[in-house]
Structures are given as C-alpha cells and as structure tokens.
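Chain naming follows the written order as A, B and C, and within any one chain the residues start at number 1.
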Amino acid sequence: MTQDKISLLLDDGRRLDGRELHEIRPITMKSSVLDRADGSCYLTWGNNKIICAVYGPRELHPKHLAKPDRAIVRVEYRLATFSVNERKSPAPRRREYELSKLIKESLDSVLFLEKFPNGTIDVYITVLDADGGTRCAALTAASIALADAGIPMKGFITGCAVGKVADKMVVDLSDVEDKDGQGDMPVAMNYNTGEITLLQCDGEFTTDEVKEGLSLAIRAIGEVYKMQKEAVLAKYTQIEESIDDLGEEEE
Amino acid sequence: MTILVDKNQLVVPGEVLARGSGVDVAGGVYRKKINGETEIIASMIGLVKIRQDSVGVVPLEGCYIPLEGDIIIGKIVRVGLTSWNVDIRGPYVGALRVNSVLDRDFDSLRESLEQVLNYGDVIKAQITYFDRTRDPVLTMLGRGLRKLTHGRLIDVDPVKIPRIIGKKGSMIQLLKNMTNAQIIVGQNGRIVVSANSVEKENLVISAIRKIEAEAHTSGLTDRIREYLEEKNKKL
Amino acid sequence: MRSEAIVGVLEKQYVTKLLEKGKRSDGRNLLDCRPIQIIPNVIKKAEGSAMVKWGDTVILAGVKAQLGTPFPDTPNDGVITVNAEISPISSPTNESGPPGPRAVELARVVDRGIRESKIIPMKDPKLCVIPGKKVWILFIDVYILDDGGNLFDAAALGAMAALANTRLKRVVIDEDLEEVTLLDEKEPLPRKGSVASLTFAKIKDTIVYDPNLLEDRGKDARFSLAITDKGIVCSMQKGESGVFTEEEFVTLLDQSSSLVTPLLEKIEESSQFPEMNEMYHFDF
C-alpha cells in the first residue's frame, strides 16, 4: 500500500468528497428534454453530466446493413472535447469506440429487436462533463431515453461502478478515485431479472474482493433503479398533479 | 393468476404486472417463465389495462406501426418511374404504385409522375398491405383518399391518436363542433387542420397539444370542452 | 417527441402564405427575436462555458485552454480556435461522423466574428506568456444539442458567453529558465467588449430575423453579420443559393444596431457573475 492510496481516504474513514465507503453520489435524471429526438434523457451523477438522444426505430441507410429479421442498435458514446481535464480532440478515440460497443451490447439484451426488421435504433450519448463512472451513467440514461422513445423493452439497464481504494471496496468511484485508486469495476444489469449485462474491471482485486464488489454494485444499482423509475414517470405524474391542483382551486 | 397492479396505474418497462397462468396478454407486455411460474411484465411506459382475463399496457410513447386498413397522412419523399416512396413517420417507407393512385392508364411517355404527385406533397392514403418484412403498400383509391392541398399539418405522438379521436370519435367530434374546423386525422400521428382563420387553427392545435400532454389522465373530454369554451370567448 | 425529417408542401405553404401578409408561423413579427436564455459557467471541467436556449434551439459552448507554441507567423499572439459539432443528438437529419461542410461553415463564421472583432487581446501578456515560445491556446467547442433553427446566432452567442466567463490559471514565469508554472488560482480572460451575430433568412421576397426551424429549412438565402459593442461590423456571411439586392443589405444593416443591443446586454449580464454558478448546474 503506497502513501497515495491511503490519502484517498480521510482519517475518519470517509472518502475525499465526504462520502461513506458505500455511498453513491447525488443523481438527477430527466426524460423528454429535447424537442427533436424521439426519446431523450439528461442525467447528472455527481459532477458527470450526460445527454442522451434516441432516434428510431427508423429506416436504416445504407440498406445492406439492415437485418431482415430484426432491427439493429447503433450506439455512439462520445466525450465532449471540454468534458475532461486535457481538451480531447473531437474525433472519437479507441476508448469511445470500445465503450460504444459495450453499451450497445448491454442494451441489445433488453430490446425486442425482432419487432422492427430492417430498421435501426440509434442511441447517441454525449458526456458533457466527466467525473468517473460515465459508462454506467450513460447506460442508465440510455435506458430512460429508449423508454421515452416508446421502444419496447424487457426492462431498464442500470449501471454503477465499484472499485478498490486504500485496500477497501468502495461504491461509485469519482474521477480521482478511479485514476489513483487500485481498481475500477463497472457493472450494469437489468435489476428486475438479475441479469448482468456489463462487467469490466481494471486494477488488482482478489477473487473475494470481486465477489464483494459485485454484491455492493448490485445493491447500489437497486438504489439507482428506483430513481430511474421515478424519473421516467415524473413527466406524467407532474401533469396529473397540476390537473389535481386546478381541480382543487375550482372547488 | 395474481394481478399485482391497479387498473390505470402508470408503469415502466420491466415492472411485473401479474403472476400465474390463465392470463392473456394484450399489447405493451411480454410473458416470461420464472421458476416454472409465468410472469406478465410491462414492455412500455403506459397505463395498466385489465380486462376479464387479460392484462396489458396502453402505451404513452411509441412510434407508428402500420396496420392494414389504417388511414394515414403521408409525404412523398421519392418519385420513381412507376411508383412513389411515401414517408409515413414509422420505421418503414410506404410504397405507392401509380395504378393505386390513378384509376386510368398512365402513359409514361406523355406524362410524368411528378405531375400527379411531387416531392413534399401531402397525401391521405390507406395501408393495403404490411407484414413487417416488406415495406407497407399504400393506395389512394378509396373514398376521401386524395392529395391534401390546404390546411396546417402537425405531428403528434402516434400512440395518442386514439385519445385524440376519443371513444366512438367523441373527442374529435367535440373539437370539430366547437371550432367549425376541418380536421383530418392520420393513424400515423399526423393531423391536418383547416379553419377560417389562423387563430381558430391555433386554438384547435393547442387543444390537440393539451390532449397529447394529458392523455394519461381521466376526465379529459370535460377539460377540453371547458378549455375550448373559455378560449372561444376570447376569439 | 417525434419530429419530422421532411418538410412537406403544407408546412411550406403555411409559412409563405403568412409571410406574404407580414406574419410568421410562430406569431412573431418579421424582426422579432425568440426568447433567449444564457446559463453561464455550466461545465466544471471547462475554463469557461455557457448553455444557450434560443427559442427551441439548445447549444452548449465550452472553452478549454492550454499552454502551447504560437504560430510562426504570429509569434506574439495567443491562439483561438472554434470548432462546431452539429451533433446527431440535435435532429433526425443531422448524421453522425466528422464535421461536414455545414458544421465547418458554422464554426468558421463564429470564429471570424470573435477573431476579427479583436475583443480578445491576443498580444496581452496574460495570453502571450513568453513571446515566441509559450502562449495560451483557447479551444472553443460548440455542441448543437437541439436544432430548432438559427444555429449561427445561438452558436455565436454561446461562444461569446463562454469566453466572457472563462478564467485562466495564473502563470508564474521563470525568465532565466524560460519555464512557466501554473498556479491553481485563476483570473478572468482579458476581454475588450463583446460581439454578437444577427442572422436573417429570405423566403421568397420576405426577410425575417432569427429564423425558426421551418423558416430555416424553407429559406432561399441567409445573411449573417457579427457586430461589436462599438457598432463595428467584423464579419458577414451570405449563404444558400438565393440572392439579396443592395437595397436589402442596406436595410438590414440599418436595422442591425437595434437588434444587436439586447444580445450584447445578455452577454454582459451573464459575465457579471462568473462565479455565481459554482454548482455548475443547468437544466433543460
């Protein structure tokens, strides 16, 4: 254990941003934020800010890419040039291609693609401000945007990363903890069915730590899922409440 | 069978609505066997619909899926040699053949298809054939099917069309009666409104927007009637 | 919301019929602007940023700064560069991929307005840290998030507002070693005034200011000009295949000063409290 790793935890055992080991950062989610997109979501997760737009199901061009028995999903995960410490070139990097692929595969598992042969469902995600855990946040936002677009799905994908900081397993790594900690382990799943759709890690974990991490991640994902569900329904319940208010005023 | 939700409850994809056998599924849900027991799970955002032996979800978001017989409002997006491609706002582009538009012979040497229907033209047409593996086939031969040359075209959520029409056409009739506007509704989420003034058209459109936003609430017809009465006074 | 990829004959007809009577599809007068909201300082990782909601158009502009080598032909000047992304998020018709001609034109027009106005003093020692060796390079990136028409003015306003709340790290120079150290302490980017863009669309024979989406897509010609707070025209761009007459340009130039004032006021308002948004929060 190096001096650096210890300094990621304060003397009282809390983390640098004051969180408990298993505490997730504050999250906000809002659906239908864009006028043009078929479905959309704006999500903030700590200092992360993510916008996601869904278009489709729509005709796929060029047509030879189309699958005669189902729709394809195209995911574009991008970091805005100003979302990271050093300005990123606007052209996508290898990391963005890899994460786009993983996010797509994760979403594939919950979409009824056979309902839309020859079509495409396009999911565009841009990270506007990045602070660790963007792929899990992006998947969480994408599920909301897909439901908002009215695309039939088995359930939401919800994500949350865990990791190892100062020899302790912690939930929802910040950027600093991700970079200076001992390991990062993003997890995403369909919380209702228990099906895990994304699992990665980099760093050093014992097998017991991986097991502990998985169980911590699933618990955190349960919390995020609750918020996700509320966020999707908020659009409708707000209208209901405003109508109820009107009714009361008239009485 | 155990139903775990209430009638008209708002649900999201993934929520379990019912357990056990003997339940039929309506739209907006799917069935899954878990440990030998069948679960009925929502696949769309919407309102729970419970009938005697079935559970379903009336979706509040969704794209237009063509159904044979549907009356739609389309836009010409490509003029070919003997047919047109028509944007119908769904995942598929409609095909319209010249013999489904003209009930006479078409002389391709003397006339061009552009003279009949050109790019951007708006048409009222009917879906005659669709099976998801091939693009939907349209016709303009039929009562009221034609090129639409005046009025305001607006787009609405296709899943809200049943609400805009109302039970046995009650809502659309209310709109027409209270505004004297001509309203053509396409099942694909397009509506053409024409009235004797822009203000009247704006009123109809704002009422349609209100129906769209409040589609999931009850007592909507009464609220729309009150809304139109109030706004009519100001016109 | 599902929006239309194709503008049909009926929508075009509605826009042009009203314009013949001097009215607009959204109820505005010909020279009215849509409501504008600037939310400054919204991105924590950026040196400066602004979200602009211009009618139903939404853009996000961010400024990143890094120390680098000046261009050989301008060894005593800091560097400024504008890039625009017409993101596929913004419209069903905007496709993903490297910037096309439309995005490049947009970026270059915004760039020219800021550069030629000289409101950022590039030779200022705060920007030209060691002449010929180390200067600040400012990257202004504009993301179009919702394309509701008139991207030029919204992008230009966002870029300007982002510059107006940009703060650079303080630099300590070791003259002997010609080395620099960056401090955590930040100071505002030097700025002399501001600049805003005005865009007009010509549809048949009528000219409107701040075209909405239907007008933008049905326009025959476009004219944008950038004007500083001192009333100097520092960039113009006529676009699309349609044409203007001399009289039309003269009329638009005459109207420009009254139209630009509210925009310049908004920029100043948004820059007065660069730290007011320490939560880096914005909402749609």
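What we mean here is this: contacts are C-beta pairs under 8 Å (C-beta built on N, C-alpha and C of every residue); 3 or more make two chains touch, one makes a residue touch a chain.
Quick caveat, the model's predicted, so the values are computed rather than measured.
With centres taken as mean C-alpha coordinates, the chain found closest to the middle of all protein C-alpha atoms is A. Between the chain pairs B-C and A-B, more C-beta pairs are in contact across A-B. Taking each chain's centre as the mean of its CA atoms, C is the chain most distant from chain B. Chain A and chain B, compared by their mean Cα positions, are separated by 32 Å. Here the spacing of chain B and chain C, counted between their Cα centres, is 39 Å.
Chain C has residues 1-3 in contact with two or more other chains. Shown for chain B are the residues in touch with two or more other chains, namely 63, 157. In chain A, the residues that touch at least two other chains are 38, 58. Chain A meets chain B in the complex at residues 38-39, 56-59, 68, 71, 110, 112, 115-119, 147-156, 190-193, 229, 232-233, 236-237, 239-240, 243. Interface residues of chain A facing chain C in the complex, by the touch rule stated above, are 30, 32-38, 40, 42, 44, 47, 49, 51-53, 55, 58, 76, 80-87, 90-91, 122, 124, 126, 128-131. Those residues of chain C that touch chain B in the shared complex are 1-14, 18, 23.
On chain B, the positions that touch chain A within their shared complex are 10, 12-16, 28, 30, 32, 41, 43-45, 59-63, 91-93, 132-133, 157, 159, 213-214, 216-217, 223.
Residues 1-3, 42-46, 49, 56, 58, 60, 62-64, 66, 83, 85, 87-92, 96, 98-99, 139, 141, 143, 145-148, 280-284 of chain C are the ones that touch chain A when the two sit in their complex.
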